[in-house]
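Next up, some structures in structure tokens.
Two complexes are shown next, each including chain A; its partner changes from chain B in the first to chain C in the second.
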Partner chain A sequence: MSKETILEVRNLSKNFGGVKAVSEVSFQLKRGEALGVMGPNGCGKSTLINLITGFIKPSSGQVFYQGKDITGIAPHKAVNLGIARSFQMAKPFYNIPVYKNLIIPLFSPRVRKLVGGKFGDRDEAAIHLLEDVGFERDSSIPYKAAGSLPHGYVKRLELARCLSLEPDLIILDELFSGMSMSEVASILPFLERLRDEGKTLIMVEHRLKELFRVVDKVVVLNFGKKIAEGLPEEVVQNEEVRKSYLGSEVDSSA
Partner chain B sequence: MEASVLIFGLVNSATLMLVALGFSLIFGLSGVANLAHGGIYLFSGYVTWMLMNYLGVPFLLAVPLTIIIAGVLGALIYWVALKRVRGLHLSEVIATFAVGVAILELFRWMGFVTYEFTLPVFIKGSVDIAGVSIDYQRLLIIGIGLLLAFALWVFSRYTKMGLALRGMAQDEYTALSIGIDSDWAAALSMALGSAIAAIAAISILPLGIISINMGYEVLIMALAVSVVGGLESITGLVVASIILGFAKTITGTYFDPKWMEVIYLFALVLVLAIKPSGLFGKFKELEERV
Partner chain C sequence: MSAKVGYRKERLDRGIKARTDDIFAISTYREILYLILPRVFVIAGLLIFPLLGDFTGVYWQNVIVITCTIALLALSWDLLHSVGLVSLGQAVFFGVGAYITGFLAQQFGLPPLVTIPLATVFGALVCTMLLYPVLRLRGVYFGLITFALPLLFMRIIETTKVLGGTEGMSGLPALPSIAISLYIIITITLVCVFGFQRLFETDYGLVLKAIKDNDRSVIAAGFNISWFKAQAVFIAALPATFAGAFLTHHYQFVGIPAFATDYSILPLASAIVGGPGSFFGAMLGAFLLVPLSELLRDLGTLRIVIYSVILLIFVVGLPEGLYPYLRRKYFQFERVVSMELEEGGK
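Let's turn to the complex of A and B:
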């Protein structure tokens, strides 16, 4: 592959007191690739995402985005460079209507520059985006306050919010958690389409079968360290990965 | 009900609304309980007075200048006193209260306590409505209060900036993750709220002399309206202003005027005891606490 490297993480570490939440993690991601980050609970997956997007400042190591050092960048500046992230615990703006949650990003300099348009012009686009991520067509749900949404919809709104930022790199932190099987099944084709359209994706996920349908390669963390990296089918054969998932079956049948 | 009770009830309600709008706006948009509100309010009154009497600026120019200066002061308070303690609610309260007291006591120390400190009314004269004589300034207060409340309602619902700022108040992390600069948004809401406090001061202060203690009274009024109505609800703010405004007028007319100021505190305590999130409050956590 001769594509440019969009994200490079170099020896990234974060200590919380004496605990090494993330320790000397390095990987590279090329434009258009989809990367999965997996590992048992508490292995530092979310911390890694927070370090990349600037929500937590790293203890050491560097993050490069499109060739630029963005280590410890302010979160809103990362967004304006084109890095959109979702939260595992999604908190939409609860007393603002769902579709308006997607219009607020217009306030950020990046979206204003790329999309332009006045307030109100984007209403239609916001509704379409909601339909893309699986909100029912012609329903009243997009006009209700976001706080009234059931959990599955909140996660879809979270995905739509990422896309409304016109990102170059999309980081999804456990998008599937708390979603039902059928909800996940309905959103998978959309994620595959994003990948096929050439969007760069990072997905942190526990549901490996679904994860492997979307991603090209995976990085496996355990106790904050990277223990494996490679194609999904290779990684699940790795002895250390199998051990780290002790007790839980690593399913490679997907 | 007598006509005078109705009319002066409305005037008192509008006064309360004007006074509380700036405070409520800052809380609703950035989550900061700005206890320097009374300080900013009186500061605006004195700034107008100083512009007119020391620099000879005409009233019509002094008004917009004061509003701008108050806005800058609000943003400055954020950058100097609040930025470092952002998110720590108790520290925010202590910091803004300290700033408010500092402003008020600074003016007391400078000797701004005599009877010469008055602001001119917009239009002189009065009119008879249903046999009650009422001056134009009080009617203007009703108009300005309604206009401002409506403008803010539109701003917070139908503009990008208003929505972005509301988002900031609701969840800072989510707001950051859509590219909103949290410091900038909070400073902006402090500036807006302080500018509104200045508008309130310029409209209301001409009714009497400017005295330091009004700064503390104004803070109590703003707190009472916000607590009774429920924070971050403009409907609640309007309804609470009307309830408290009429309660004050009725107390003054039919009971004893000395109870007029106590009524705010009484209502505040009553609402906190019965429905702590306020009549129109959206803070569910308070309701669900056992």
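Let's turn to the complex of A and C:
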């Protein structure tokens, strides 16, 4: 099965004043692949995601999605083309019940076009999605205001929000940040299943051990530049990558 | 560990609330009555009021007209607030509606039946276009712009002497009678309250509400939020421009006072005192504050002092707002329970 390229990033750069947050980054992603983006704090991972999804306009370079140039696209248009993203600082709609948080993406132009549906149908779809990402069946949590959710559930809700958009490409920006070991452990199988189902994934992550269980290949950034790309086990042997992480947990995790 | 005993308030939902909130089952006529009686009471009260003209007198009929005007402006404020836009210049909607009506009536001699709807819709459009460029501003920044707009209009009219300048436009056609006026504005107010409440229960309204909580996530759900905010401004402008258009014909006059700060502050105070976010609260606030201010009129200059103190008491004592407070009392028991405090506990 020959796979088409779903996303291509060409020499993408972003300068904030004199700082090169992202500098000449290029990579390709084929449909069904899972890509990890890693690097030390402040290396431009989140900026790269924001550039791809249109939340920040690039200074130079191009982004191609399904063969179309989407450089500097309006973020809501990127979503409606099928690029769903989560936020590092996930914030639910606090004053709205948990399941209704999902009504909003389910009401989006993209989902309405793909699935249709009338008022009320969406409630059921929302509850199903919550069960998919690990909310207990028949609990009262989905009906409570999202402001009262514990952090781990907020992240699950964020994931459910991405999935509700029926995306072709899912970009998860530090989904695991702030989650406990057990919370991560319980959500990992779900991500692996997503990958096995052939969903295209980009994961920005600090927790490499967990990241490597999901992704097929990784891109490593440092000071905004791509310093390595390849299979996870190859990349961690790379001298420059090791140096950028100051020889931290990389050894033990691979 | 020595345990101290403290007291706290415990709140319990009445059975009716649990049943109607979660499982949507109402079993008896009593429960149905419990739910609809407050609404029936308000609607009936407002609809009967104009019939009591001999009893209440024209003065209080006029007070209710003004009250409804402020209520409409407060509803408009509340809708904007629900989308995360804090307006400090409701007068701009009011004034634009008022001046368009005045202009149409004076220049083309159109009757109120034509000018009011035209001014409502067209005025809302004008206001939406005026505010469209600043919709990306949030909080205080948006508030400041809206605060400046009515003042700007005032000065423009004053210096360029357009639209009657400082004299304004007078001798405009009147509405047939005070009773008809009352019925029109009361009906519109009720339609707006219940209509807005219903609107915010739909999926569309949910998106509007979500923009206030977290606009980035709404973008990430595929919505063009500038466009949604513009729609919200248009919807919110409708009752306010209507109020301006209506009052112009009621007074048979339009002038610079249409942009007065009163029309910005009173609606805001009403919505805050009543409890923002529920629409009914905004209306309740107006029905409390405007008649109250009239009752205090006999006190002369002291009026403002007493009025301010009452406002302060409400804002400090009931920060959640009057309507949410009453609603909670209506649907929940409250009782004091004792509890053991751990060492160092409060």
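Here is the rule we go by: the second predicted complex is superposed on the first by the 248 of 254 C-alpha atoms of A that agree within 3 Å, B and C clash if a C-alpha of one lies under 4 Å from a C-alpha of the other, contacts with A are read in each partner's own complex, and residues count from 1 in each chain.
Everything that follows uses one rule, which is that contacts are C-beta pairs under 8 Å (C-beta built on N, C-alpha and C of every residue); 3 or more make two chains touch, one makes a residue touch a chain.
These figures come from a predicted structure and were not determined experimentally.
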Inset, instruction - Kindly say whether there is room for both chain B and chain C on chain A in the superposition, answering fit or clash. - result: clash
Legend entry - chain B versus chain C as contact partner of A:Leu188, first or second or both or neither: neither
Inset, instruction - May I ask you to decide whether A:Tyr143 touches chain B, chain C, both, or neither, giving the answer as first, second, both or neither? - result: second
Inset, instruction - Pick one for A:Ala84: touches chain B only (first), chain C only (second), both, or neither. - result: both
Inset, instruction - Figure out whether A:Asn95 sits in contact with chain B (first) or chain C (second), or with both, or with neither. - result: both
Inset, instruction - Return the residues of chain A at which the contacts from chain B and from chain C coincide. - result: 53, 55, 74-76, 79-80, 84-85, 87, 91-96, 100-101, 103-105, 107-111, 119, 161, 165
Inset, instruction - Enumerate the contact residues on chain C facing chain A in the complex. - result: 22, 202-204, 206-207, 209-210, 213-214, 216-225
Legend entry - Contacting residues of chain A [partner chain C, same complex]: 53, 55, 74-76, 79-80, 84-85, 87, 91-96, 100-101, 103-105, 107-111, 119, 122, 143, 161, 165
Inset, instruction - Please name which positions on chain A make contact with chain B in the complex. - result: 53, 55, 74-76, 79-80, 84-85, 87, 90-96, 100-101, 103-111, 119, 161, 164-165
Inset, instruction - Please name which positions on chain B make contact with chain A in the complex. - result: 158-161, 163-164, 166-167, 170-171, 173-182, 232, 282
